[in-house]
Amino acid sequence: MIKIPSVHYLAIAPVLIFFGASLALLVTSALRRSRLSATAATVFSAKCSLAVVVVAVFQWLYVSQHGASETISHAIVLDRFGSMATVAVALGTLLTILVARDWAIRTKLLGIENHILIMATSAGAIMMAVANDLVVIFLGLEILSIGLYVLVAMDRHRARSAEAALKYFLLGGLAAAVFIYGVAILYGATGTTTISTMSLFFAANYLLHPGLAYLGGALILIAFAFKVAAVPFHNWAPDVYEGAPTPITGYMAAVVKVGAFLGFIRVILSGLGTNLDTWRPLLFALIVLSTIVGASVGLTQRNVKRLLAYSSINQAGFMLLGLWAGTGRGIASTLFFVCTYVPVIIATFAIVGLVGGATDDQHDIESYRGLGRRQPWLGAALALLLLSQLGAPFTLGFFAKFSVVAAVMDAGGTTLGVITMISAAIAAAFYLRWTQILFADPEPDQARLKVPGATGFVIAFGVAVVVVFGIWPTPIMWLCQHAAISFLP
Amino acid sequence: MMHSSWWLSALLLVPMVGVAFVLLVRRRPGASYAVGVGVAALEMALSIVVAWMYNQHLTRTGIDFAARHVISAPLGLAYDVSLDGISLLMVLLTSLTLLLALLGARDKRREPALISWLLILTTASMGSFLAHDLLLFFLFFELTLVPSYFLISQWGGTERVRAALKFFLYTFIGSVPLLIGILFLGFKNQHYVRGALNFSYTTLSAVHLSHTASVVLFCAFGFAFAVKSPIWPFHTWSPITYAEAPIAGSIEMSALLAKLGSYGLVRFAIGLFPLALSDMRPIVMTLAVIGILYGSAMACVAGDLKRVIAYSSLAQMGFITLGAMSGSQIAMIGAVLLMFNHGVITIGFFLLVSFIEKRRQVNTIKDLRGLQASAPVLAVLFTIVILASIGLPGLSGFVSEYLILLGSFATNTWWGVVGAFGVVGAAIYWLWVYQRVFHGKADAKNLAVEDVTNKERWVLVPVVVLILLLGVFPRPAIDKITPSIANLITHVSYSGVDK
Amino acid sequence: MNVPAAWYLVLAAVLFGIGGYGLVTRRSALIMFMCLELMLNAVNLTFVTFSRTLSDIGGQASVFFVMVVAAAEVTVGLGIVVAIFRRRSTTSVDELSEMKG
Amino acid sequence: MMLALAYAVPSVIVFVAAAALILTGAIGVISLKNPVHAALSLIMTLFGVAVAFIAQQADFLAAVQIIVYAGAIVVLFLFVIMFLGVDRREGVDVQPLVSQKPLALVGVVITVSAIIFTMSRSSWVTGVPSLSLGGTRLATGSHNVKQLGTSIFTTYLFAFEATAALLIIAVVGAVLLARRERVLEEAS
Amino acid sequence: MNWLASVDPLYAHGITAVVILIALIKIVAGFASIMGAVILMIWFERKVISKMQSRIGPQRWGPFGLLQTLADGIKLFFKEDLIPAEADRFVFKLAPYLCLVPALITFSIVPVGGTLHIAGHTVMLQVANPPMGILVMLAMSGISVYGVMLAGWASGSKYPLISSVRASAQMISYEAALGMTIVTIILATGSLSTHDIVTSQAHGVWHWNLIRLGVVPFVVFLIAITAELNRPPFDVVEAETELVGGFNTEYSSLRFALFYLAEFMNTITMSAIMVTLFFGGPAGYIPPIHHFAWVFPILWFLGKTVAFAFSYIWFRAALPRFRYDQLMDLGWKRLIPLSLGWMLIVAGFLVNRWWGISMMGTVILGWFVLTRAYSLGADRTVGSESVLPEVGQRPTPSRLYRQRTTKGEN
């Protein structure tokens, strides 16, 4: 008789809620004679996202009392790190849903499908972040990716959308294959696919020939580099960012990074943590290339979505810094970076989507000429969000960059710190060019953009986060630190 | 008893509150200007009160108004402000710059935004001068870039976008090693004391560094401050930036932001890495001297007035650096004094140039001729400022330059000697400029130039008063500075290596 | 008793390489999908071989999941191809954009 | 000795057969122009892999391999090929990731040989069965079907449930992608 | 290879020459018997259909026209072998074999009788008893799709292509339902091996899967397998009125004969499979006759199989052909949910009664949900406007759409 493993439902509640909500929405829309109104679906999805946030808070409290634990025969971890990731994903979902609804109305495309897919995709992202088993990470990755392939192709007006989806699919598939090959090899190297067991294995056995383990880890590293679009595995990002519907681009830039980075941290630092020095050269190369290429190629872009793609490549390099450090401070700082990046980038893309218009294709940087003059609040908001990504002081972005660079310095990576900061300086040029155009003399016959309520809220939220935590980053940093502590043994 | 740090917080907060007010009244024409001027006056008043309250003998280090509140321990972020003699002069200069920039160089294009940026810039530079914590200093130091960038790129001349970007990139890249250096120090300290991350100046100045580390870190810090100052050869951003910036922006940048560099040099680079001084002194002083000569030479051939000011500033910054690095107490006092004086003089210059520009729409020297005839008062004011800048005894420039040269002769004779040629150089180019612009036979356009109005005269009154006052009676200022400088010198020489 | 695991592992690695080569060089999207399948099959072979050598069922169980993923990927991938084709046939050729590098 | 040989020879034959099927098929996939032919080659590879599975006592997986891959996935490919007429008309082309074929070849050869080299250097397998943590020792013969089932419903329970999510999202996605869009065209 | 022994007792003592010989004999015998059976089946079908249609049927060659099929075969063999110019020659030649081989392989797992003892070896009367057992049948039915699909495609002709796409769609659609019913059987048996499946039904009629699983899986299986075989009433592939002659229109001579052969071979094999799965295979009353007791299971098996073969012919004679969309509806909207639901119920009862009852409730609920969704979906796709109303608009009720569209047509 099969003994079903015990299930700690609190640990998987976020995944269940998101996926259940997605299914509920799907079934409801199939069973109602009249079409489900986009507003109702949005409200429902938003509530679910909030519910996930609440659940994550309970998880946090539970872990504070009882300590981190594994459940469902070690497949899932319940720790603060996971709760933090859950909050970030849920927040990203909430914001994206709000933006996506307005986008759907503006472009006359259906919104409910977006909600269904976004929530299911988020479930995948959370799964990646809380998984303790490489197979589960793989499945989470696939749920995330497959949802995104479809979401990217959802814009029926533009052929480019589906083409981008194809490109994303092909490279995503390649990444998935490389990832699972790495898992297979790690399985051969350690005899397990469970991350914690793997670390036990490494702790208990001294491998005379660790090549196999390194090989598996390297393949997994490459696959993750694909997912987060780190150079040289970044080729897809600009095209896909450009082709995808704008809210989805924001979602990709934010939530995929959360899932991928946090899953990645678990694999590299928990599963293979004893071999950190092996990964450092690889990570070093990825970081240097990503930050420099992202920043310098971004300078030449005229399409803002492509520009933001390169910007996000640059940011991905920064996020990798914490991994390179590999210390508690490093994990906390990457967590901080990733989590704070979520609202900022989604809000940025919300504005980009607004400017994109009903056809969602006005993304030339010239479309922004004088926007800040016509609509000072919108312009100021965008300028602030960009400044935050630039890393200007007294914005959230500064502390994000500061914390990762500090972590790297702490771990002895002065060179890396210098290189990445210089890349940030180069990247500043394109953010500034954009900002400058934003406040340049306007074209005479430009209409004012209408800012719908939900999108306005998202933008305001992003700006508020940037400003408030830019001055007082303590709470988030505190959370991240505690998350990192619960993660490290 | 030490004074409450709330005074300093007020100095930081008042401009930000001003921004809020400006944004509130932005729809009413002219109201934002009134608010701006009001805030500037309040700030000025506050600064004067603070200066009056400041007691340099309160602590051995000359620090007053100090307070430290940790904001985020893991990040090492703390709100840590204090005031000493050096900061005090800078605070006064900041307030003065804001007030005069607003009064003298009113720009009606999108006034609320302009004034907001100016106010933010004031907070940023005020914060840099008041920060006692290196991270906080860095935050404010970096923050100055943003308003400056917008001031130049939005209100500047035809080449404004390029100039703004150039300025931003230079200074931003310059600050990278600064940040890395700060972090290095912080972690060094943390690993040593095994406590929380702490970037307080007091803590970090106690960190024991190897000689090599000191040199490297000095270079890192020095680079950032050299770019900001600017010190030759890191100055290439400055002429185009000063030329393209709006007058208010030019005033802020050259009178105030440039001082951030030399302030950082004196306060942090020298204060934190005394071990590096013996190695770095010849190099930096050489650069300073080259800067003096180069600035003078370039000022001679510069084609327009703003560039002349820019290059003259380069030379003056060279003097400041020379004094700061010389290691003699007198020269350092002179350097700090010159920071203030140069600020005041530069304000005067830019205001006067803006008056000329307002009337003639150009500032190229070859288009101006014989203004003395049409605008005698302007000529007089210009003369006073020029003479102060040259260092005519009895005017403020003289005191500071004299102190610097005196100190330098004593410790580093040859650099002092060569540097002294800068004074001659200044005399040459300024007088030549004066000759070309104010003398000669004016053509019709130049004859039509009106003299300065009453309002403009009133704006220049503080400049002239300060020039004269500090020329004949610099005692109070020197008194305020001396304990801080003396403490710095003690700290440097206490580290044992420096003589 | 049986051929050494190494043979199968090398075979799988070569298969993976062939799939990868096809994926990066072929133009046709459908054939690229097929190359993806080749790669996943190589992974499966690796899993099964390790499962045999380690005498552990985990590898075989993982193969099961890989297969499910392959099926799901193909479904969506072909859906995308069909969607592109639909849009292509409905929109004029001039509007087609070419994706840059 | 003879007995051992009698056992070993067939397994070598099986391996060679499987390898031949796999490699021929794989090369066919990447070299054949016509997608239908490529698909047929793919089936060949799949069969080869199935044979390799059987040779390594993974019978159930071999059957599932044929049922899922050959019976469903490749059929789906052929469907789409025929449905869209891709074989006759121009297909859905994408820019190849690497434009230089020799370059790609060199890259792939280097990568694969590096992989093989690394594997061989660490004696191909270094792990130990995860028996202590709920892993199951592989039984021989038909029993491993039962084991496989047990493993999936215990060790990999969560993963198994996750596949449900994966399949649902895939189906929903495919339906959304392939749905007709008559109305929008009329509206626009 | 010890694991082989656990599957087939033949290999218990290692592989010797005798064992290989026995295996070869089994293969040859299996092949011969199915080929012979096909010839008889064709004759049988023609005879029965003739009787049902009040005709005489073949009678010239051999007694009762038994050799008619052979004669037809010889005739086809000598006919000209045509390959269309547009054809894809290789695939065109390959396709018939892809149809034929799976049928043969599937037959190899059918236990046609009990066990024998020859030369000290225990021999099962089935060509092979692989551990994955019945999955082979599923795999092969997956492969046989290719024969049809590629035949139509390779012909390079329009109608065969349409036919083959239809046929393969049909086969795939019904394969799901097929698989699900097989899962039900596997659940009940606890083993994949056909031998085990048969043995578990050996103790009388009440143990037959037909009875103990409820009749539903059998019905689903029967329908699905008929569709899988492309036999009437699901032979839309060959809908002459629409598609000339189906996917094999362009085939002639021996290749056509192969298709023909494959079809009947499949029919026999599937009958045999059905007997194996639901009717206990060779199980039945065995009279106590020494030395010949092993014959009776074979006879039982043959009898049951013939009965099924007859029923297929009966379907063909009696039932009208389905329309294509009806066929798809039946497959996707009725059989798949039905078999899925039944599988859940069976699984539930296997765990315990309460699980079974709750599963039943779940299935009924699911049934309602599906029905509702289907009917709504049918409504929504009526008018072109009904597919996607604009976002934010209140959609018109579907009744109005219907009216509007009909008005539009008028």
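Labels A, B, C, D and E are assigned to the chains in the order they are written; within every chain, residues are numbered from 1.
Operating definition for what follows: a residue touches a chain if its C-beta (ideal position, glycine included) is under 8 Å from a C-beta of that chain, and two chains touch if they have at least 3 such contacts.
Predicted model, so just to flag it, every value in this text is computed and none were measured.
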Taking contact as defined at the start, I'd like the list of chains shared as neighbours by subunit B and subunit E. A
Looking at contacts between chains, which pair has the highest count of C-beta pairs? C-D
Taking each chain's centre as the average of its Cα atoms, which is closest to the average over all protein Cα atoms shown? A
In terms of CA centroid distance, which chain is the most far removed from subunit E? B
Label of the chain whose CA centroid is most distant from the centroid of subunit D: B
Take the average of all CA coordinates in subunit D, do the same for subunit E, and state the distance between these two points in whole angstrom. 26
Centroid from C-alpha atoms only, then distance subunit C to subunit E, rounded to Å. What do you get? 30
Would you mind pulling out the distance in Å between where the CA atoms of subunit A average out and where those of subunit E do? 49
Shared-contact residues (touching 2 or more other chains) in subunit D: 7, 11, 57, 60, 64, 72, 83, 92, 94, 97, 115, 119, 124-125, 127-130, 135, 150, 155-156, 159, 163, 166, 169-170, 173-174, 176-177, 180-181, 184, 187
Hey, what residues on subunit A touch two or more of the other chains? 108-109, 135, 139, 142, 146, 149-150, 153, 156, 162-163, 166-167, 170, 185, 187-188, 191-192, 235
In subunit C, the residues touching two or more other chains are 9, 16, 19-20, 23, 29, 32-33, 49-50, 53-54, 56, 58, 61-62, 65, 69, 72-73, 76, 79-81, 83-84, 99-101
All pairs of touching chains, please: list them by chain label. A-B, A-C, A-D, A-E, C-D, D-E
Of subunit A, residues touching subunit C in the complex: 135, 138-139, 142, 146, 149-150, 153, 156, 159-160, 162-167, 169-170, 173-174, 176-178, 180-181, 183-185, 187-188, 191-193, 235, 238-239, 243
Listed in rising order, subunit C residues that touch subunit D in their complex are 1-11, 13-35, 37-38, 41, 44-45, 48-58, 60-65, 67-76, 78-86, 90, 98-101
Residue ranges of subunit A touching subunit B (in the complex, touch as defined): 329, 332, 387, 392-394, 398-399, 402-403, 405-406, 409-410, 414, 417-418, 421-422, 424-426, 428-429, 432-433, 435-436, 439, 472-474, 477-478, 481
So in the complex, the part of subunit D that touches subunit C is made up of which residues? 4, 7-8, 11-12, 15, 18-19, 22-23, 26-27, 29-30, 35, 38-39, 42, 45-46, 49, 52-53, 55-58, 60-61, 64-65, 68-69, 72-73, 76-77, 80-81, 83-84, 86, 91-98, 101, 104-105, 108-109, 111-112, 115-116, 119-120, 124-125, 127-131, 135-138, 144, 147-148, 150-152, 155-156, 159-160, 163, 166-167, 169-171, 173-178, 180-181, 185
Show which residues of subunit E lie in contact with subunit D when the two form their complex. 1-7, 14-15, 88, 90-91, 94, 130-132, 135-136, 138-139, 141-143, 145-146, 149-150, 153, 161, 164-165, 168-169, 172, 175, 179, 191-193, 384-385, 387-390
